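Next come two complexes, and both contain subunit A; in the first it sits with subunit B, in the second with subunit C.
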Partner chain A sequence: MLRQMRPTLVYAVLGILFMFVAPQVLQLFTIINLTTAIALAILALSLALIWGYGGILCFGQVAFFGLGAYVYTISAINFGGSTWAILLAILITAAFAAALGYFIFFGRVSDVYLGVITLTVTLIFFSLIRRTSGPEYKIGNALLGGFNGVSSPPINLPWDTRTFLFPEQVFYVAMAALILCYVFVGWLVNTKFGRVCVSIRENELRAELLGYDIRLYKLGIFTIGAGIAAIGGVMFCNGVGRITPDVFNLYNAALTIIWVIVGGRGTLIGPIGATFALFYLTSALGGQTVLNNNLVLGVILIIFVLLVPKGVAPTVVDWFGARRRKKPGRVRRRRRGNRTEGAQ
Partner chain B sequence: MTRQRGEVVVETRDLCMHFGGVRAVDQVDFSLFDKELRCLIGPNGAGKSTFFKCLTGQLTPTSGEVIIRGQPMTGAEPFEVASLGVGIKTQVPNVFDGLTAEENIWLAARRWHGDARSRSLTAETIERLKLGDIRRTLVGQLAHGQRQWVELGMVVAAEPWLVLLDEPAAGMTHEETYRTVELIEEINKTSALIVVEHDMQFIRMISRTVTLFHEGRILMQDTMEAISADPRAREVYLGHRA
Partner chain C sequence: MDLVVAVLFQLTYVIANLALISLGLAIIFGMMRVINLAHGEFLMLGGYTVVVATNLGVNIWVSMLILAPLVVGIIGVIVERVLIRWLYGRMVDTLLATWGLSLLLVGIVTSIFGASTATTVSPPLGAVRIGDYSASGYELFLIVITAILLFAVWLTLRFTKLGLLARGTMQNAEMASSLGVSTSRIYMITFGLGAAVSGLAGGLLAPMTGVLPTIGATYIAKAFITVISGGAAILAGTTAGSVLLGGINGIFSFIAGSTFGEIALLLAAIVLLRLMPRGITGRFFRKSL
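On to the complex of A and B.
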């Protein structure tokens, strides 16, 4: 297990280094921006888990992300503190995903319809919450605010609800959350549960003929993925300072898929890296008016689907693997365990 | 759990599977005893594969009952049938193409055992089936016959008490077919088997009780010699070649 986790741990250590060095080197504005990118990377990680490893193409991962952000914001306003709000955001989102997933997986809904259902749920959230402007739409003390959204209270110290974190401190929290989620997912895909999920992705019938209840496994990985997306949502509304129904729009739903396609299915670091890269690309493009942002993203997607269909990370791994094999006289070190893909 | 030889382990009562007006399986009463090796034969469309799928839970019968070791399994999910300790190999090789041969077999063993035992059982199975050379190869890159063997390995690694094989020798070379016969005889020392097969050569090599299907029904059930000699059987299946 430790051996298979080694690449994951290496990236985690690099992440920790970055976490401590970045605030010393970078400006506050960049750090605040980075917090948002980190939150989106957690979202990408959650889809990398359920699509890349579980084989579940969820077109509405952003629904869990947005739901997590809304639950956090509303409960933090009502509780007057963030600690329980974070836990509640994760739990409610996971419970919602479990209920939705129950009907999908135990009803044996096939892949395409699963995509349609999850996207529809996302767009329902979008339409519903947009219509909640006005004083009558409130939960406890929190006004839902329609398309203007709600401003999110920042995270406070767990033992002192009056000491709020500064933006650079939120950066530490977000980065720590990303690293923890990454290591957790890297561990999960190497457990029996994770390996069975991968086998279900490869061949559902065979997994079932071995005696695995694939409905339960799929429901499990779907729910865990939703919980992780909710953590991303909590970090997102902390980074931006508010949450609006736009998080549920079609653009964001599609963007999540693009991150995973570009980064590579079946890896974890790929989609995380792709999220940062595309986040900064769109920021850079935002500063000019020659090219339309969506057009560029569309072209990138087409290029990847046509030329690098496996995504960046698996292609790089293949490339190095091929080079290593070409070297003559080198005895390949036997890897213990019987895996095809360690989590990177 | 003590099981005596002679106990009925698989039974179907009045089993029917209709697709629209087609009676693929029609009123089949079948029983298999413990440690028995039974071959199901019949011409194309005789209903043997449909019957097989009704046993494994891949199809829900239109009517009738499937009873496996005393438990009603009519319309059960495939994983429920497999969870009784039944090893199943389908007609088209169903393997995990993107995983190594070793991982494929490990997944079969891990369903029943803890981590350490699964690893040793995987190693034993690889040894037993002589898959050592391809253990780290992705199954998707293997030849058809090798994929069949990986799938047989998955069946064996689960240590089933009942094994259902649908055309295990399809697409195999003579050498591979011969080894499959040997493996089947070895499995039969500890488990009951139902083998659906097309290849008469293969059936003769195993040569036990044979059930002949014709138009969804059981036409006769006897030894291979008796079936070969029977004029009705020759007419529906063997033609006049045999």
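On to the complex of A and C.
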């Protein structure tokens, strides 16, 4: 187990180094921007888990991300503190995913339908929350605010509702959350549960004939993925300071899929890296008006589906693997098995 | 009595609207097992065709009923030749590629026409009176034209040579091709026709909704739910799905407002899929078109 997790831990240590060095060398504006990117990276990680390892084609991972953000914001406003709000955000989102997943997996809906259903749920959230402008739509003390969204209260220290964190400190929390989630997912895919999920991804019928209840395993990994997406959502609304229905729109749903495709299905660090790369690419594109963001992302998606279907990280690993094998006189390592199975 | 008629009219309109926006998607899905995520953008392109053509002085009926399906149909054929045909049999990749196409089309239209509403056209028909109530004449026109469209698709599938070849290809593509049918051409024509029907629907709806580059997103959720709940049979599926979901949506909208109507529609669809994972026509009316 430890040997398989070695790459994961190496990346985690690099992440910790980055966490402590970045605020010393970067400006506050960059740090606040980075917090948003980190939150999105957690979202990418959750989809990398359920799609890359669970084989569940979820087009609506942003629904859980946005739901987590909304639950956090509304309950933090009502409770006057963030500790329980964070826990509630994760729990309610996971419960919602479990209920939705029950209908999907126990109905044995095929993967293509699953993508469309989850996307539809996301779009319905989008159109519903957009309509909630007006004083009659409120939960406790929190107005839903329709198109304009709700401003999110900042995180405070656990059970200390008077000490709020500054943006720079929120960066530490977000980075720590990303690293913890990454190590957790890296561990999860190497447990027995994770390996069964991978085997279901490879061949559902065979896994079922071996006696595994594939519906339950899929539901499990789907629910865990939704919980992680909710953590990303909590960090996101803290980084931005506001949550609007726009998180649920088609563009963001597509973006999540693109991160995982570009980074590579079956890896964890690939989608995280792709998130940061595309986040800065789209920010840079936002500064000019010649090329539209939608246009660029559409082209990227089509090119990757047609030409680089495995994504960047596995392609690079394969390339290096092929080079290493060609070198004569070198003893091949005895590690066997599919490279994409271990965490990277 | 007048109230009942008015409510029934509204209900029929909701159902017809659902059938209209789903039919193009259902044709492509039923024939080719391709879920076209760019469906909403085909509707959007139909809308833009009508707005641009009308502003250039073309008669609105000509631009809605002839130009919109023609332009979007041609775009559909190009898309099939360039993108879709490399991906037959790989459903997930087709989904992703058509999603990329959807973003690309939104991007292109935004670059050309800008992100805000282009000049709109107004519905060309006035109000119709039902006793004490008045209803939109254009909505009545849409109901009639949806019925005609469904009937035309049925006639094409049932009685023309093209329909026969298409149904044969749908049932068993290998057998059809060994009997000398060019399945690749059938797929191209089917995709083009599906796109043309979407374009027609988008063009017809443009006077009601206006046009925006991102307007496709408001249609596709409903269209997908209808087609998936309906199942693979094109006409029976679309009709059954629209009647059931449109009926539920209409009734709940009437009782509790349109927000609850949409929630009820979604919940009904999810419960329906738990009971019938292959859609309504996966269980009932299996032999139908």
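Following the convention adopted for this analysis, the second predicted complex is superposed on the first by the 338 of 344 C-alpha atoms of A that agree within 3 Å, B and C clash if a C-alpha of one lies under 4 Å from a C-alpha of the other, contacts with A are read in each partner's own complex, and residues count from 1 in each chain.
To be clear about the criterion, a residue touches a chain if its C-beta (ideal position, glycine included) is under 8 Å from a C-beta of that chain, and two chains touch if they have at least 3 such contacts.
These numbers were taken from a predicted model, which means no experiment stands behind them.
Student: For the combined arrangement obtained by superposing on subunit A, do subunit B and subunit C clash, or do they fit?
Tutor: Partners fit side by side after overlay.
Student: So in the superposed three-chain picture, is A:195 touching just subunit B, just subunit C, both, or none of them (first/second/both/neither)?
Tutor: A:195: touches subunit B, not subunit C.
Student: Angle at the Cα centre of subunit A spanned by the Cα centres of subunit C and subunit B: state it in steps of 10 degrees.
Tutor: 80
Student: Quick check on the superposed pair: does A:321 touch subunit B, subunit C, both, or neither? Answer first, second, both or neither.
Tutor: Neither partner.
Student: Kindly classify A:158 by the partners it touches after superposition: subunit B alone (first), subunit C alone (second), both, or neither?
Tutor: In the superposition, A:158 contacts neither subunit B nor subunit C.
Student: In the superposed model, which partner reaches more residues of subunit A, subunit B or subunit C?
Tutor: So, of the two partners, C touches more residues of subunit A.
Student: In the superposed arrangement, does A:211 touch subunit B (first), subunit C (second), both or neither?
Tutor: In the superposition, A:211 touches subunit B alone.
Student: So, A:250: does it touch subunit B (first), subunit C (second), both, or neither?
Tutor: second
Student: With the two structures laid over each other on chain A, which partner does A:241 touch: subunit B (first), subunit C (second), both, or neither?
Tutor: neither
Student: Can you work out, in whole Å, how close the C-alpha atoms of subunit B and subunit C get once everything is superposed?
Tutor: 11
Student: Flag every residue of subunit C that touches subunit A in the complex, lowest number first.
Tutor: 35, 83, 86-87, 91-93, 95-97, 99-108, 110-111, 214, 217-218, 220-221, 224-225, 228, 258-259, 262-263, 266, 269-271, 273-275, 277
Student: In their shared complex, at which residues does subunit B touch subunit A?
Tutor: 56, 58, 77-79, 82-83, 88, 90, 94-100, 102-103, 106-108, 110-112, 115, 122, 135-136, 138, 154, 158
Student: If you look only at subunit A, which of its residues touch subunit B in the complex?
Tutor: 192, 195-196, 198-199, 201-203, 205-214, 338-340
Student: Considering only the defined contacts, which subunit A positions touch subunit C in the complex?
Tutor: 57, 100, 102-104, 106-113, 115-117, 119-121, 123-124, 126-128, 131, 249-251, 254, 257, 261, 291-302, 305-306, 309
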